[in-house]
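The letters A, B, C, D and E name the chains in turn, as written, and every chain counts its residues from 1.
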Amino acid sequence: MNLAKVLGTVVSTRKEESLRGLKFLLLGQVDTARELTGTTVVAADAVGAGVGEMVLYATGSSARQTKLTDRRPCDAVVMAIVDSWEIGGRELYKKGRDD
Amino acid sequence: MNLAKVLGTVVSTRKEESLRGLKFLLLGQVDTARELTGTTVVAADAVGAGVGEMVLYATGSSARQTKLTDRRPCDAVVMAIVDSWEIGGRELYKKGRDD
Amino acid sequence: MNLAKVLGTVVSTRKEESLRGLKFLLLGQVDTARELTGTTVVAADAVGAGVGEMVLYATGSSARQTKLTDRRPCDAVVMAIVDSWEIGGRELYKKGRDD
Amino acid sequence: MNLAKVLGTVVSTRKEESLRGLKFLLLGQVDTARELTGTTVVAADAVGAGVGEMVLYATGSSARQTKLTDRRPCDAVVMAIVDSWEIGGRELYKKGRDD
Amino acid sequence: MNLAKVLGTVVSTRKEESLRGLKFLLLGQVDTARELTGTTVVAADAVGAGVGEMVLYATGSSARQTKLTDRRPCDAVVMAIVDSWEIGGRELYKKGRDD
């Protein structure tokens, strides 16, 4: 999985039938210091993440292991909203404090 | 998934039997500002996308989760035509206005 | 999928049992202007491609969706020989003319 | 698989239901000389690895081949704690001596 | 698949139960001129490869298509020892002559 920030959303009406109802989030990968790395990805939302939140996303076939994405042509999913992360006992991100 | 622009098409007559009928699109990845990143990929078309349109494509085994690509040696599929995307409330791409 | 040129072949006699009979091609990725990008990959040949030909190859589990590669430890397959590609109505590669 | 050092942990309470109980580790890839390469990844822990330990992690569908991660939207797993590695008969890392 | 040279081995006693008995090789990717590219990967050995040998390795779910790696959390496998490769009729590597 990778750490990312929810930057925005992508809207599509003409899409593969099985994708109806999925919400597509535009994610910006972040490093451990919370800086955007420049890599972006579009992921389905499985947890109700909002713009500005730090999340974890999974890619590949693992992205289809949720009820929303099962058997759908979807290769990235937001599967967790991040509360915090720490390195060597130091909290580098804490939801609320660092948003 | 990634954002891309349909640049053109690839034609092949000698191909794996199961691929007959698939249309191959030449895609150029774009960043959130709609600029081509230089990365290109060839994807099967599952939604009838046309040259110049902004699309989403999925890769890996997820690219086989459509009727057209099921059980075929195909690792990328265009599964959505993009209407718009926004970051922080600002619409950075809107179909028709920005094509 | 990606566009590539068949550069040569790789020979191996000591290999996983299930790979007997597979031909391994050495591919050089090309950009849309037919220039080698420097990235090379070794792929099984599912279509009888020859050295110098432009091909499409698929990777990952999709590379096992042919009779030759089914259930084999093979992660890349040449699944099409390219006749031509075009961008914006301009034919950038045409087999025979540009080889 | 890749060599990595366990840098820290990631905490998430709002996540896909099936992920309850999984521990997420923040890994920093290392080269053979034990230097961090700058690439980080978040992986589920299948072996009880601790901060500072050198580990191996697997990605993609292979990351779901453990009891903990089976059928879960998880694309990276720590599946081994490394004791040592050597190149050309020279031990470049030995647990205990080089931590 | 990719060409690589077996650089050494990785030892792990605390690992996922299903991995017992697997031998982990430390591989250095090589280009077609036999030069190390700097990319390294750890792969299970399915063919009895020795240090210094040139090999092919497969990644992803394809790495599990051997008896040794089936259903195991292993995402890279050495599935062939290379005898030779050639580009445009010129043999750039021949086992024995170029080791």
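The criterion applied here is as follows: a residue touches a chain if its C-beta (ideal position, glycine included) is under 8 Å from a C-beta of that chain, and two chains touch if they have at least 3 such contacts.
In this text, all values refer to a predicted model and were calculated from it rather than measured experimentally.
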{"item": "Given chain A and chain D, the chains that contact each of them", "value": "none"}
{"item": "Centre distance in Å when chain A and chain B are each reduced to the mean of their C-alpha atoms", "value": "21"}
{"item": "Length of the line joining the C-alpha centres of chain A and chain C, rounded to whole Å", "value": "33"}
{"item": "For chain D, residues that touch 2 or more chains besides their own", "value": "59-61, 63-64"}
{"item": "Graph class of chain-chain contacts, one of line, ring, star, complete, other", "value": "ring"}
{"item": "Chain ring listed from chain D, with chain E in second place", "value": "D, E, C, B, A"}
{"item": "Chain D - residues contacting chain A, complex", "value": "7-16, 18-19, 24, 26, 40-43, 51, 59-61, 63-64, 71-76"}
{"item": "Residues of chain B touching chain A in the complex", "value": "1-3, 31-32, 46-48, 56, 58-66, 69, 77, 79-88, 92"}
